[in-house]
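In what follows, subunit A forms one complex with subunit B and a second complex with subunit C.
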Partner chain A sequence: MLTVGALSRGELDARLAGRGLYLQTGPFINAIRSTISHVSDGIALLYADYPLAASTEFADFHLHFPRSPLPRRLWRAQVRFDHDGVKPFAPLPEDQAWPMFEWVLNWCVSSRAHSYLMIHAAVVEKNGFAAILPAPPGSGKSTLCAALVHRGWRLLSDELTLVRLSDGLLQPLPRPVSLKNASIDVIRNYVDGAVFSRPIHETLKGTVAHLKAPADSVARAHETARPAWIVFPQYEAGAATSLTPLAPARAFMELAGNAFNYSLLGADGFEALAGLIGSSASYQFRYSSLDEAIATFNRLAPPAP
Partner chain B sequence: MMAPAQLPLLVQLLRAPACVSGWSLKQWDLMLRQAVSANLTASVWSQLDGAGLLDVVPAAARRHLDWAHCLALRHGRAVRWEVRQIAEALAPLGLPLLLLKGAAYVMAGLEAGQGRLFSDIDILVPKERINEVESRLLLKGWMSGHHDPYDQRYYREWMHELPPMEHVKRETMIDVHHAILPPTARAHPDSRLLRAAAVAAAGQDCALVLQTLAPVDMVLHSATHLFFDGEFDHGLRDIVDLDRLLRRFGADESFWLALTPRALELGLQRPLFYALRYASWLLDSPVPAAVMAAAAQAGSPNPGLLALMDGLFGRALLPGHPSCGDGASAFARFSLYVRGNWLRMPPLMLARHLFHKAFISPKVAVGKV
Partner chain C sequence: MPGVSLRWRLLPGQRLRHHGWHGECVVFNDLTGDTHLLGAGVLPLLLAIAGGPIDFDELAEARPLLDSLAALGLIEAAAC
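Here is the complex of A and B:
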């Protein structure tokens, strides 16, 4: 299978500038066009391990990130996002092209892929069992996820937990992990040789940098996982590590609140979520030390068969 | 105007779904992109479902249709719920709830409502009761978003509807009309005639007293909405509505007999002519030759103007996707925008309105990511 890394930089740029780079992420094919160097730099750096689609006949998402037209390009150039003539987002300064690229890839999935119950949560797997980490921004979900996937857990996703409506299994969509503000240095110090995109300051979410996904997780993107644990993380400076069981009804309501399409799916959404809660143990998790947090995750007992 | 074989793939599919049997994956890819830009993906699902052709769709494309169908099912549920809320809010007034456009198609169980996604619910009420309707809606949580005194005056004096109202909790929109065209427009279809002919909606919820326009009036309203309006973002969707209504109601011969006389009675012969002409050209709607001839006699513009309109509508009714246009598409859309406003307001009033919107009205902040 041909990966992005097999293309020379010249070939990569030519595809992005021409008919498009047909990039496979999890179960989706993205046809990407852009002449903005931040976009091609980001793809070369963070997507080298990703497969190219076998054919260019079909893409799930056609994404175009054009540069500003000429006069504007010379002063405060912007990046725009054009989804086949539809422009759902306002332009951003061109410097923010890379975060925009990552947000847009998430948006394409979360606004369309209704064959999954989609939950705003990180999800990691070990020995066939997956832990789902739903949480609002600021709870340390992505930091914890980034640490786990460099200590023996497989990355399924940092943002989008996809529960297949057909069988309740979790569909991986491994992509770079989005880290913000202080978390960037925390993970830089915690993970030897961590590969990051250039931090971008003053975005809507503060300073943002993306951490390259482990190659093994990308290569195993077709292997689904069984949901086993739902862990609501909360980082609190200086807090002792504590894992507290959470009542299933409470976990259900919390997860429904974090889902993108729970109400859209109607009865199917209810059943998928009920199945997920039924097959998993739910916990509230408070932590300040990443080592202790990982040790706690490694001790999670597999569910009864 | 284009020959059928040169029409965009999306239009070919909507006109004769059987054509998809030999499509390559590349053709499916392009059709789906056109459907997204025309907001018709869910309509494609129902069109193929109706023709028993969903199973020939390749898996990669089928998944997109199923996703859109999911959205359409949810939309249908939400519309039925919202209509119920409106009916309950207005119940004390003792008025029948007369639904227009999308909500009417959904509640009457018409094909035109299948897979149709829309953001507002439109209702028609007697002009003399419109203040009571507004008060009841305000009491039940709908608010007007237009606080600018100029906007309020624009709607209340010159328009055929209240400023759009949004529910504070559900964020749903309702448009309350007292007529189907502004009083400033060239044609003045009498709302009393429309209301008097309204029929009970064969809705699923028998506890509610719901009405829709009578079949001929429903078609005439759809035509008026499309061909008097300046916005063609939904042009193809609106002509698909017309095609589906014509196919549904056209099974009854008396529908065709009543169409042109009713258009003349309401002063809507021009939009009727355009509707029949472009629906049969684009989507092969089965308009009987005699009806087409009668509508042309009643409403066709002179040959020069008709040739111009063919050039404009022939472009503006196609999907907005870049694969469906030529160098003149943007000009056609702009010209029709100007024309739409021209038809709705006398020139001086229009000039004053555009001047005010451009230089005096406070600017609204654009959406952010």
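Here is the complex of A and C:
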């Protein structure tokens, strides 16, 4: 299997500038074109372990990140994005091309992949059982996810929990973990040898950097996981670690509010979410110490067979 | 209206898909696509009405609750 890392930098740039780099992320094939060095730098650094598909294969998403044309490029270079010729986002400064690339990949999935119930949540797995971490920005979800996947848990996703409508299993989509502001240094100090993209300042989300996904998680992207726990995390400086059971019906409503396509799926989404709730134990989780948080996750009791 | 008997009935088109845990339940509204969180005791009432229209008088004590279910578009008062 050919991976991004097997390409020389020249070959990678040539594919991106030519017919496209056919990059496989989880179940999706992304045909990517760009001549912006920030995009090729990011792919070379964070996607080296990912498989490539042949450029003759079907691609789920066709992504083009062109540079702004001359003469504008000379005084205010921008990155744009078009998807099958459609431009859903305003241009950004070219320096923000890498975070835009990651946001766009999320957008492609969350707006198109309706054979899944898609929840805005991190999801990690250990011993075959998955913990789903839905939470709004600022809750510490990604920080906790980044710590867990470097302490024995497998990364399924930092942003998109994909519940297969056909059987309720969780489809991995391991990609770099998006960290913001103070969380970047928290994880840099917590994870030995962590590989980050260059922090980009003054984005819409503040300072953003992406943490490379563990190679083992990428290699196991085809292995689905069984949902076992739904944990709503909330980071609070100085707070004691606490894990509090959450009534399933309340968890249902919270998860529905965090799903991208729950309303669109109608009754199918309702049944998928009910299956998820029925097979999982739900909790509210408050933490300030990553070590204690991980110890708490490691003590989660597996569901009854 | 004198001489007209009113009954509570499930709104046509509702299938009353539901799942419950520990007394609370969620119900899918087939007509609006909304999901409703219902407290303990509400689902049995809905299921009774789904079993066949029930006279207003029989459920007089539950009138505020029934009015709220009607406002959600799950049931309606119909002349029989």
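What we mean here is this: the second predicted complex is superposed on the first by the 303 of 305 C-alpha atoms of A that agree within 3 Å, B and C clash if a C-alpha of one lies under 4 Å from a C-alpha of the other, contacts with A are read in each partner's own complex, and residues count from 1 in each chain.
The rule is short, and it goes like this: a residue touches a chain if its C-beta (ideal position, glycine included) is under 8 Å from a C-beta of that chain, and two chains touch if they have at least 3 such contacts.
Since this is a predicted model, take the numbers as computed values, not measurements.
S.K.: Touch test for A:277: subunit B only (first), subunit C only (second), both, or neither?
M.R.: Touch status of A:277: second partner only.
S.K.: On the A-aligned overlay, A:248 touches which partner chain: subunit B = first, subunit C = second, or both, or neither?
M.R.: In the superposition, A:248 contacts subunit C only.
S.K.: Is A:90 touching anything from subunit B or subunit C once the two structures are fitted on A? First, second, both or neither.
M.R.: First partner only, subunit B.
S.K.: Is A:266 contacted by the first partner subunit B, the second partner subunit C, both or neither?
M.R.: A:266: touches subunit B and subunit C.
S.K.: Now for A:170: first (subunit B), second (subunit C), both, or neither, which partner does it touch?
M.R.: After superposition on chain A, A:170 lies in contact with neither partner.
S.K.: What is the contact status of A:156 with respect to subunit B (first) and subunit C (second): first, second, both, or neither?
M.R.: Neither subunit B nor subunit C is touched by A:156.
S.K.: Which chain, subunit B or subunit C, ends up touching more residues of subunit A in the combined arrangement?
M.R.: Touching more of subunit A: B.
S.K.: Quick check on the superposed pair: does A:105 touch subunit B, subunit C, both, or neither? Answer first, second, both or neither.
M.R.: Touch partners of A:105: none, neither subunit B nor subunit C.
S.K.: With both complexes overlaid on chain A, does A:204 touch subunit B (first), subunit C (second), both or neither?
M.R.: first
S.K.: Share the list of subunit A residues that count as touching for subunit B in one structure and for subunit C in the other.
M.R.: Comparing the two interfaces on subunit A, one with subunit B and one with subunit C, the shared residues are 263, 266.
S.K.: What residues on subunit A touch subunit C, complex-wise?
M.R.: Where subunit A meets subunit C, its residues are 247-250, 252-253, 256, 263, 266-267, 270-271, 274, 277-278.
S.K.: What residues on subunit A touch subunit B, complex-wise?
M.R.: Counting only subunit A, the residues touching subunit B are 55, 57-60, 62, 83-86, 89-90, 92, 100, 103, 112-115, 204, 263-266.
S.K.: So in the complex, which bits of subunit C are touching subunit A?
M.R.: By the definition above, subunit C touches subunit A via 15, 17, 19-22, 24-26, 28, 30, 33, 35, 37.
S.K.: Going by the contact rule at the top, pick out the subunit B residues touching subunit A in the complex.
M.R.: Counting only subunit B, the residues touching subunit A are 24-26, 28-29, 33, 36-37, 58, 60-61, 63-64, 66-67, 70-71, 73-74, 77, 320-322, 366-369.
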